[in-house]
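In the two complexes below, chain A is the common chain; its partner is chain B in one and chain C in the other.
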Partner chain A sequence: MTGQEKNKKSGGLLSNPAVQSILAALLCIVIGLLVGYIALLIINPGGATNAIITILKNYFTYPSKQAAMKYLGNTLVKAAPLLMCALSIQFCYQAGLFNIGAAGQYVAGAGAALFCALQLKLAWPVCLLAALIAGGVFGIIVGILKSYLNVNEVISGIMLNWIGLYTVNMLLSGVKETASPYTVQIASVNKSALLPSLGMEKLFTNNKYVTIAIPLAVIIAIVLKIVLSMTVFGYEIKATGIAKDAAKYSGMKEKKNIILTLFIGGALAGLGAAFLFLTGYEQWSVTQSSVPGMGFNGIAATFLGGLDPIGTIFASYFIQHITSGGSYLDKNIYPSQISDFISAIIIYLCGFVLFFKLYLNSYLSRRQERDKNKTVASTNKEEGGNK
Partner chain B sequence: MVLLLQYTLLFASVLILVALGGCFSEHSGVINLGLEGIMVMGALGGALTLKYISPNTPALVIVLAVLFASIICGVVYSTLLAVACINLKADQTLVGTALNMLAAAAATVIVKSINIAENPDNVSSTVQYVQTKKALVVSIGSFQFNWFMLVALILLICAYVILYKTKFGLRLMACGEHPQAADSVGINVYKMRWAGVLISGMLAGIGGIVYITAGVSEWKFEVGVAGFGFLSLAVMIFGQWKPLNIGLAALLFGFFRALSNVYSGFDFLAALNIPGSVYNMMPYIISLVVLAFTSANSRAPKAEGIPYDKGSR
Partner chain C sequence: MADNSTYAIEMLNITKRFPGIIANDNVTIQLKKGEIHALLGENGAGKSTLMSVLFGLYQAEEGVIKKDGREVKINNPNDANDLGIGMVHQHFKLVQCFTVLDNIILGVETTKYGLLQKEEARKKVLELSDKYGLKVDPDAKIEDITVGMQQRTEILKMLYRDNEILIFDEPTAVLTPSEIDELMDIMRNLAKEGKSILFISHKLAEIMAVADRCSVLRRGKYIGTVNIADTNQDELSRMMVGRDVQLVATKEDKVPGDVILHVENMTVPSKLHHNNAVKNVSFDVRSGEIVCIAGIDGNGQTELVYGLSGLENCTTGKITLSGKDITHASIRERSTSGMSHIPEDRHKHGLVMDYSLAYNLVLQRYFEPEFSNKAGFLKKSEINKYADKLIKQYDIRSGQGAPTIARSMSGGNQQKAIIAREIDKNPDLLIAVQPTRGLDVGAIEYIHKQLIAQRDAGHAVLLVSLELEEVMSISDRILVMYEGELVGEFDPKKTTPEELGLYMAGAKRKEIGA
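And then the complex of A and B:
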């Protein structure tokens, strides 16, 4: 009897959707790492075990605590924009929109933030706002094309990624260093555009790139969680995502909602770019000919996070953790892109999550049925004995 | 002028091949957003063949070997999409995107590992094929005819015949329009969709090698194929999922893409002093505009993107 109760309880835990999402994410990570490990073994069997440990350890490879904290700071600096891109994709996905244009919205945000900071010499709040608007406008274009002209948002998003890249390259070529293709250091021309740190750099062994961007990104994730689960707007977005026609029939303005969703998505990605570039951690190269991977990695983080803003926080950190970890590999033996490879495998596996959940649920319900039959049979027997 | 024509035909060939790939896949009912990734894998197979094959091999053998390698890589890679989308009913957009990222990362890792194994100081992701690439082209005056142009033309005609004149093609299209109806008359929808995806893998694989051998004799795999898989989807939509219209649409898009390669050769264009970035943007802007005008009355296969479930009605 107690055994049966325990079974039911564990079945109850397993049938909890949040637990299932976490389980599925962990499974994706394990299989992804395993495939990555196999790839490392094929490239060079000798150091493969060390290499995968290096990727997982990331900044822990530094023996001193100070150095580890400093490089943890660096990972967080890059995790913040990744989280913003992931939130952008996650938010739009709730409305049934696959915002692959987040990469381009990120680029637009970077362009706007750097242009305001370097060319117009404005203070950081204005730069943030400019990035938000630039990303949002890119989102709105996709939204209008989608809702009024029925253009697939994935294709228009990709086109805008490239248009954005070349536009930003043109826009920023006026503020680049004379000897290199990189934009000038913000710290050297306009210190007021750097995001404030509010003393946080002390925690990370004076890592000056650690700024308010990191807590802000986390706060935005929590706000989005509240908006999605507790407001009418969030409900309408989810309703539009699940059944567009039903949402329209029940009086929701589905066209307006699509455009607004993509504006918010674009604004999030644009803001994410400002969160990185306004720290001075990275400079924009005006000759780059491929769209930055941040927006695409955001897809990995979104789906690994189980399409939940809070889950996305942890998933973004994890993706950035292994991406940064990849850079510690010995470049003369292993390519650092092995981390991208692992992330890509993880996204591919995330495609199976739905299937995994379906399978798990049908297994659980079958087991429950069987247990029920058993108890019914045993009680029948007892009754028979009594007679 | 000859150069413009040459590049237009080359890029149009790429777009025709890949768009036809998308066309077969979508007619069977699967949206193939992984075309870009399949192109990268096909390009990788072809480029490595070009790298390792001896330059003394007869030209015809080289062309065929490259084609074969690209097709194999493309088809094998597309099975990842087929398994996920047809059998496991995964989200087709997500899987397609994952395949694009996976191909870019995997190709970079593979090429870098090969380069590092040859020379530990060479950490680039570039494959060179200067000598063997010459086998792919025949000079007619100043026009460099590329065998792949012919391949694209032949496959375009084949695609038309297969889709509209054979039992297989008509059944394939039925699976994309109304899979339940197709199933009810004894067509195996899963098999047909597998066929559609594998054919798209084959065509996109060839498209990949044509793209990276257009004009250059080495390729840096970190940059992928610059959104050409998606441009091809735009071509497919503009061509209304019909092979012959796709051919014409590809010529238009190929022209604008070629312009960005050769604009500096035209005096009046160079005199306008427009930055190169504008020409680079052109194909993407054009496709966005074209999509805006053609998507509203799209003739997309009705059941595309919806996983087929025998049990549902």
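And then the complex of A and C:
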């Protein structure tokens, strides 16, 4: 590994927190894949090596470049909503809130977007706005409960997830296909609700699901990074998250900030849902009885991304990459959930990232100290002898 | 053979490094048998590290530890325990819902067939408690007893384990004056019975009162050991700080000017208890004077300040600041109207501990046009420039200057940062709540000077303090608070600590004209 050689040379680079986060994330990924490999070995030793390669290869399974590009497009289409959910969780996390309700805000956004597209036959910008507001309102409910009644956001978030799911199922029953539980295809009833592609589909071998959703999600991530690190609003949000009492002492409106944060978080997750469903890639099943995993997977992407919006872009892609890769496994031998399993291991390991950083830092400073001592040792000796 | 040594414990040439700093640099401490040996040093001088090395919590890189003249290795607290070393930590290590007796025997329980045999233990505890004058109720739960009794429980814990070497880590920080006197007696008793005591403190008066010898640390270095009988407070403080320190603040007489803060019939509810913590209080603070609220902790001082600063709403009354009614103003409005507040709890309220020093220094001003533009972006270079200015002007010491994370700074410098921030706002009224709590003499001297400078510049200062010495030396007027009411007004030149004590304890009261 060339990376390791570099590390040895420059302690300066290693002590950079961003570099440390990346190293730690890579470490998590490697260990996660190893554990996943062991699990594959246990299930069926014969095909394990092939299977793990298949997961990692994802669309590269296809020999033709065109096919590979097309399926890369599919992975990106699903990575965009994942990124949005991850950003939702992350933004709230900066304010000290664990927005597990992102799953429900995602559901609300999906419901609002599809209802506007299929029932009201509105154009895509309105559908996006509706999803944003619906997700935001779900966030606000959690925020109000939290700031005025001190209801834990995890509890109210989880309960709202279910309320959201069944409300949306009811709401969309009117626009489902007669023969299946799925909502009708947007392309067949209201083409104006489909997100525009702006020619990007050409890059991905005419994959019609590739739309502006993908670049939009990345842009939103960058905007969030700027908001958090450079604005007064970010300063207040983070202060409220780290030290609620100090924020109050300095005159920040901590209740308002909590509600606003959850509104933004909810809006991000709601938009994320619209980014998927308004491409026509997926249809909503009105009989589904479990909350879609997108919001929960967002937790994984956030932590793997080192709680940084830019890192989360890559983490979201990676998690979606191995999830999509999992679908190419031989279903007769391996369950496709193996890639969920691997991402679960990775999330679990993210907890160890902190230990890793701590260990690395103490190692670095010890080494620094040793180097410094060596150089001054000779001069100090005389002084020490006098004492 | 081993017992011929005159020293119970010797720590010779101990060096302990942490990433970036040397906490103990070639430190030597020798504890004689049956003596009370004080370990003196400012915050961050390396006292706690040294004791942690002795207690086996850290391993020293260099140096040896000798017990009764024989070299020993202490790898963990269990080793320390086996050698008869016991420690009363600054923050007690007691199980809140257990009784005193249960806490004492925890870890060394006598059992029979797997069942606890408490009777024997109780007898031993009562014997010890009699012998050393440590009054405790063995059946009381920790959560129900006073801090003083909790400390006695900790001491009994050491004695129950037959420890010969007792370490007291800043034992008086949490005690009331009468409890401190009691503790001093207990320590003298223990020493008389042959126990060797290491007494960690930065309070000079206490060391002078109780110790036989004193070793001084400064910035991790060993400065020296002196006999208490041959020294005085001035010399000790010079050894500790490295320069002459003015122990008593001096200030010139000044005639107070206009009324800055006017409080009329203010009542503030208490969060903890369902009653009013501040009852119908009226007073004024004028420009150019330091008014001090004296009283025993928990008599409504905290809530009084909450009411003034807006952290808590008052139920009745009226507050006027420089002629402006601020009774219903928000915290931010009060702050921008000329009120600065050095809070009682600097970790909880005063600082965002995980923010950089620069960010903390603009905590009250980040929204001003100087530090953020109309689009809502922070002007980082302005913030850093301002931070550098304050760091220089107020001598705030930290690892990396402006980008240092507040959490990693020493308590004294954290407090300096808060003071710099609040004073640099150029407030009409400065409210300082126990601004010197837990700080060493050097920092205390500095803070007193700053408060007096504010007064001399014609600002009003309201100081809440629990330390009578501080109250007497820097205030122009003293208001005594007892059970949520102001029970007396005094001129520090015409009163005595004894008289104030009577009012503080509620034994006397008089009407005050606001």
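General remarks:
Methods note: the second predicted complex is superposed on the first by the 368 of 387 C-alpha atoms of A that agree within 3 Å, B and C clash if a C-alpha of one lies under 4 Å from a C-alpha of the other, contacts with A are read in each partner's own complex, and residues count from 1 in each chain.
Just so it is clear, a residue touches a chain if its C-beta (ideal position, glycine included) is under 8 Å from a C-beta of that chain, and two chains touch if they have at least 3 such contacts.
Note that the structure is predicted; figures quoted are calculated from it, not measured.
Contacts of A:S343 after superposition on the shared chain: chain B is touched, whereas chain C is not. Contacts of A:A247 after superposition on the shared chain: chain C is touched, whereas chain B is not. More residues of chain A are in touch with B than with the other of chain B and chain C.
When the two complexes are overlaid on their common chain A, residue A:V232 makes contact with chain C while staying clear of chain B. In the overlay built on the shared chain, the residue A:R366 is in contact with chain C alone; chain B does not reach it. Look at A:T183: by the touch rule set out above, it reaches neither chain B nor chain C. When the two complexes are superposed on chain A, none of the residues of chain A touches both chain B and chain C. Taken in their complex, chain C has these residues touching chain A: 17, 19-20, 26, 309, 311, 330-335, 341, 343, 345, 348-355, 359, 363-364, 366-367, 372, 376-378, 380.
Of all the residues in chain B, the ones that touch chain A in their complex are 33, 80, 84, 88-91, 93-95, 97-99, 101-102, 104-106, 108-109, 112-113, 116, 120-121, 123, 125, 222-224, 226-227, 230-231, 233-234, 237, 275, 277-278, 280-281, 284-285, 287-288, 291-293, 295-296, 298. Across the interface of their complex, chain C is touched by residues 230-233, 235, 238-239, 242-243, 245-252, 361-362, 365-366, 368-369, 384, 387 of chain A.
Those residues of chain A lying in contact with chain B across their complex are 39, 43, 98, 100, 145, 149-152, 154-156, 158-163, 166-167, 169-170, 289-290, 296, 299-300, 303, 331-335, 337-338, 340-341, 343-345, 347-348, 350-352, 354-355.
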